[in-house]
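Next come two complexes, and both contain subunit A; in the first it sits with subunit B, in the second with subunit C.
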Partner chain A sequence: MSSWWRAFDGGLRTQLRSFLRTPMTAFLVLILPINLLLLLSLFALTGYNAPTALVMGEDTAAARSYVEALEDTHNSFELRPMDLATAQDQLKRARLVAILEIPPGFEAGVQAGHTVPVNLTLDNVNLDMAEDVRRAVPAAAVIFAARNAFPEVRIEADLRNLLPRDTGYVQYLGVSAVALAACIAGAVLGGTVTAREWELGTARLSQLAPGGAAAVLAGRLAAAAVAGVVASSVTALIVWFGYSVHPVHPLEVGLTLVATVFACTMLGGLVGAGLRRVMPVAPLLIGTLLPFYLDSGALEPQRFDGEWLFALAHLSPTYYSVGVMEHAYHGLVVTPEPRWLLLLALVAIGLASLAALPRVARR
Partner chain B sequence: MAGSDGSGLTGPLVRGVAMRSTAALGAAAAVIAVTAAEAAHDEGRVDEAGFVLVGVVALGLLFLAYHLWRGGGVRIAVSRTVAPQVGVRVLPVPTTSAPQRDAIRLDGITVRYGLRLALDDVSLRVGAGEIVGLLGPNGAGKTTTVDVCCGLRRPIAGTVCVLGHDATTSSADLRRSIGVVPQETGLYPELTGAEYMSLFAAMYDVKSSPARIEQVLALMGLWDRRNTRIGGFSGGMKRRLALARALLHDPPVLFLDEPTLGVDVHGRRALWDHVSRLRDEGRSVLLTTNYLEEATALCDRVVILDEGRVLADERPDALRRQSGTTLLLETDGDAQLLARILAERCDVEATVTDGVVAVSLPRDDLTAHVVRVAADAATVTSVRTEQPTLEDVFLRLTGQELRE
Partner chain C sequence: MIRAVLALARSDLFRWHRSPALVAATLIPALSMGVMVVALTYAVGRQPVALVIEDHGPVADHIIQIIRESDGFFLVERTREEALADMKAQRVAAVITIPAGFEDRVGSHDAKLDVFINNVDLDFSDDVRRSINEAVVEVDAPSLATLGENDLPPGTVSGIPNPYRIDVAERDLRTPDVSFLAYQMVPVLALLSLTAGALVTALAIAGEREVGALRLVRLSPVPRTAVVAGRLLGGTVASGALLSAVVLAATLTDVLSPPAGRWPLLMLLLLVTAVGSVGLGVLVGLLTRRVTTTAMLGVNVATASFLLGGGFTTIAFLPDFVQGVARAFPTYYAVEGVREVLFYDSMPTLGRNLAALTATAVVSLVVGSVALARVSARPH
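And then the complex of A and B:
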């Protein structure tokens, strides 16, 4: 074994030992990616089932048909049948987004050809949810009219999906969260490991070793990457078995995790070597990676945010990771670049960071 | 014919070009393989596992290519210039240029941190088997001097030579020849003493490392605690472990930066014994300290630094003599009167503090005379001498109080 590899091996073993002997660190390493997944899942879930009261003024065939039409519209609210008094009370207490009232005499009015009002009372504090309910009510009226063959309806939607199946928002976001978890776990671990070398004063000693600091730091970062892969694998498994998002290409999930953690651990290591203090590492890396994550196509595959923002996303490893990960889980192609190029970019980021590390360490 | 001229130049050159060409071909092959696999996969000719397998192989190829690219250049340099590794053998002083007497030699070293001059035209020598102390207040430039000698900091002017190596280039040869105990001891609290030493044995490529680790840990009295985590060590044990680590690869030159900082009196004495033994083994030591007592106990010479400049370079006893000894006399009678008598009859400076007469002696041989005059003039109940402190020496040299 060459002296470089001996020093690398020494750094690797020492760091793994450190992880095992500091249970709190190991626990935090595991918990951070899971927390990120939960955070993003909560973010998605809050807009997923907007609670809407359904007050039925009558229980007739027409009224039930309208409610069916309402449920068939593309919406993200949950209809909860209740009486008007309860609904108004809950709306005041911010437990509901809206109250939808089917008035008494609805069927008679429809059959008589009159315009029948469907009352919608809306808590429009959240525009996103309010718009969803606002859109659904007239859309349901169109569906209702078409199903009941009203003579005035001349237009029928002819839906053609590009993909054979829909991808749920939580499912899409959960997968991108796996990519984010791998990025942040790797980056924070890498950054902490190298910054600690300066805090303990061991970086000076590594620099004085005949092989220089690079071999030892690379060994330590390799250990950090191993821990990062383990931690983010837990997140990937939660999405797989907990969220029931079965990957279309399971091996690709593994490969992407490894490549992402490698890239981000080395990048984080470089940042840690630059900062030389452990405390600012996590806030800086998380604070930087999160906005890039939001810009990486992590929330939806379509890019309507302009060329500048799209170009900016390429600066972060999250973009490349999300691109491959969405394909691995859902079979979606969400970036213009081919997958091999995305993976190559991740590897290149890792190698470039590793190559720059000795220079930053000597600074 | 290439490589057959005996110069040894053409062979490595060809080998380097060949390795780099192989690396470039490897990288290209990796990219082509993945591109082809992607296309085949999209057309349904290769299943997912096959595609991923190609990806893994391609990554391996890229890694190999990177290593070859780096290794090609490095190996050429190493094979031509680096001497065989010395393991635990003491390196002899190189005799490649003019005969080298000084283990460490600094000439006109100037270092600047931004606008501040950290070292201003500093010159000093440390001979083979000599212990030299760098003495000065915090911020005087002691650690910077050590950093320059180790190649960790590049001076803007001057030359620094350690065992004949130009320290500004910080070559692997230089790093093998020196051992350093920095102020922050550089220990991992979660490791045991033995694990810590094993890591550095790997970093320094120490041959027969288990035996050598046992040897240096036993030397520092830490062998029995080898399986204790460093976090549980006392301050003195940590310093001893740091010294053991610095000695692990058997360097002929040692730099000890405040080796007894934060160590209790007992631990300090034990460390002094260890450092003294280094001189007996023929090693050269440059140590920095805030304590004159430490410098006196350990050093053959003391260099006093302040604000990056050398104020004195003397033997400790000479330094002390120049600063004079203070004689402290207690009397049953009038202390003020006794002080006046001594000042007049012995031509010395005498002051009274808390009823004790303090006499500054410009020469040690005046002690007996002053005591005799005092005994004649008053009933002296107590006589003792006080050695000058760093503060005293510093005050004499600069006319200023020692800063914190």
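And then the complex of A and C:
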């Protein structure tokens, strides 16, 4: 074994041992991506189906048909039947987004061809949900009119889809969270390991190693990458088995995880070498990666947010990772670039960071 | 004793002020969440859509105008080929076509607007579906399709018959709508309070413990309680100063504008949250012992606190067990309390929220003080 490899091996082994000796830190690194996955799922869960009280002034065929139309209006309402007093109380307590009241005489009015007024009381505190409700109410009227074949309707929208099935928001976001997990685990571990070398003064000592300081640091970063792959694999498995999102291409999931962790560990190492202090590494990296996560195609194909944000997204490894990961799990194409190019970009980010590391370290 | 407390608090504040790393660790999580909120403000609700016009006439031109003015779309007008190319390149999420012969079919009541959607995920494709139906309805039922925008008095309908046989009498809880940014800035404030109070204190204590400086406190003639009080005061002042700066900036830019007479309540809620955070910071700092672990635990707790406190979500709309978990986090009470103070006429849960935050503050201060005094007294 050459002296370089001996130093690399030494750095790798001691770093892995160090992780095992600080189980609390290792556990927190493992937990962080899972934490983010679960919490981002909460965001997805409240993204649609606004909790809405349904107050029925009558239980007739027409009223039930209107309720069915509301239920089928593009995941807009989670209807909760209740009396008006309870509904008003819950609305005041911010437990509901809206109250819909179907008045007595609804069926008689509809059958007579009259336009029947339905009461909508709206808590317009959360504009996103309030606007969803305001748009969903006319959409429900369209479905109601089509199902009852009202002859006065002149225009309809003929909705056609590009893909044979919709992908649920939780499932879509869950998969992008796996990419985020790989980025954060790799970056934080790489950054912490490198910064600690300077903080403890071992960076100077490792220059005495026969293979040089670079070999020792490379070994430590390799150990960080191994731990990062383990941490993000747990998140990937939770999405697979916990969220029942079975990957269409399991090998692609593994390959993307490894490439993402590699890119982010090296990028984190670069940041750690620049900061040379452990304390700000995790807040800085997570604080930077989270906004970039939103600008990575995590919520929808990134180009839909405009060319400026689309261009900006290319600065972050999360964009490339999300692009391949959505294909690996769902078979979706969410970037204009081909997948091989996305993977190549991840590898290139890792190699470029690795190449820049000695220069930053020598400063 | 008071001089010792003030000196310790001042020393902690100086160290915080002089350490860019500590300042960064404090500010970055909250700033990052703030940036995320702004990014979401931009992203929510509107989708890029291509409009292909292959027919003209009074009704066709009317619906074209409606689609052009819709706040559900970022619209570009294209030929059919260009639109499909844009769809393939993901420049647009959907293509709306006014097909040839549309105007003629309006007369026979079977006109169809062709809508081709990239349904890669449910969230934005449903946004497109809702928005296009809203546009279609606006042709024959303008008042039904312009909820929140029409000039009708609250709770009334236009009285004009429409072919859908339904109209909606809308009554909003407040005028005007609360902006998305103002609503989502509340959890960012709570997060800032938490990171400034808890993370600063935890990192300071863990750092001193790691290098052995905490044991030097034993040599000091001042009482342990003064040491503890100084620490807590320093953290609270740091947290309060940061919060004040952010609240001032948010007020000057109209992001934060409490109703008349609600300022004292708002400040009280933020102050109690900050004090409780400092107490929690003492506990975390003593529990973790190492700066690396403290930073990781701090980031985990800050992220969980933000999202379970109501960041990007409304906790009351989530499943019961998630609501139960959220109630274990002080940010839940802080966010609910602040939102109630800022946006609601009545404040039915304010007492409970203030009580929960005060209890958190008192318990964490007492436990944190006792633990800090013990650790300071214990030989290493």
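Assume the second predicted complex is superposed on the first by the 356 of 363 C-alpha atoms of A that agree within 3 Å, B and C clash if a C-alpha of one lies under 4 Å from a C-alpha of the other, contacts with A are read in each partner's own complex, and residues count from 1 in each chain.
We adopt the following convention: a residue touches a chain if its C-beta (ideal position, glycine included) is under 8 Å from a C-beta of that chain, and two chains touch if they have at least 3 such contacts.
Predicted model only: the values in this text are computed from it and were never measured.
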(request) Quick one: on subunit A, after the overlay, do subunit B and subunit C clash, or do they fit? Just give me the call. (result) fit
(message) Is A:L344 touching anything from subunit B or subunit C once the two structures are fitted on A? First, second, both or neither.
(response) first
(request) Determine, under the contact definition given at the top, whether A:A63 touches first (subunit B), second (subunit C), both, or neither. (result) neither
(message) After the superposition on A, what does A:V322 contact: first (subunit B), second (subunit C), both or neither?
(response) neither
(request) With both structures superposed, pick whichever of subunit B and subunit C touches the larger number of subunit A residues. (result) C
(message) According to the stated criteria, A:R6 is in contact with first (subunit B), second (subunit C), both, or neither; which is it?
(response) first
(message) In the overlaid three-chain picture, which partner chain does A:L42 touch, first (subunit B) or second (subunit C), both, or neither?
(response) second
(message) Taking the superposition on A as described, I'd like to know which of subunit B and subunit C A:V360 touches: first, second, both or neither.
(response) neither
(request) Angle at the Cα centre of subunit A spanned by the Cα centres of subunit C and subunit B: state it in steps of 10 degrees. (result) 90
(request) With the two complexes superposed on chain A, say which partner A:V239 touches: subunit B (first), subunit C (second), both, or neither. (result) neither
(message) Quick check on the superposed pair: does A:T22 touch subunit B, subunit C, both, or neither? Answer first, second, both or neither.
(response) both
(message) For A:C183 in the superposed arrangement: first (subunit B), second (subunit C), both or neither?
(response) neither
(request) Compute the least Cα distance separating subunit B from subunit C in the superposition and give it as a whole number of Å. (result) 11
(request) Kindly list the residues of subunit A that each of subunit B and subunit C touches, one partner per complex. (result) 22
(request) Show which residues of subunit A lie in contact with subunit B when the two form their complex. (result) 3, 6-7, 9-11, 13-14, 17-18, 21-22, 200-202, 204-211, 215-216, 249, 251-252, 254-255, 259, 338-340, 343-344, 347, 351
(message) Please output the residues of subunit A touching subunit C within their complex, sorted ascending.
(response) 22, 24-25, 28-29, 31-32, 35-36, 39-40, 42-48, 50-51, 66, 73-76, 91-95, 97, 109-110, 113-132, 134-139, 141-142, 144-145, 150-163, 165-169, 172, 188, 192, 196, 275, 277-284, 286-288, 290-291, 294-295, 299-301, 303-306, 309, 332-336
(request) Provide the residue numbers of subunit B that touch subunit A in the complex, in ascending order. (result) 31, 34-35, 37-38, 48-49, 51-52, 55-56, 58-59, 62, 66, 85, 150-152, 172, 175-176, 178, 180, 182-188, 190-191, 195, 198-200, 202-205, 229, 245
(request) Sort out for me which residues of subunit C touch subunit A in the complex. (result) 20-22, 24-26, 28-29, 31-33, 35-36, 39-40, 42-45, 47-48, 59, 63, 72, 74, 87, 89-93, 106, 109-127, 129-134, 136-141, 144-145, 147-148, 155, 157, 160-174, 177-180, 183, 199, 203, 207, 288, 290-293, 295-300, 303-304, 307-308, 312-314, 316-319, 322, 336, 339-340, 343-344, 346, 348-349
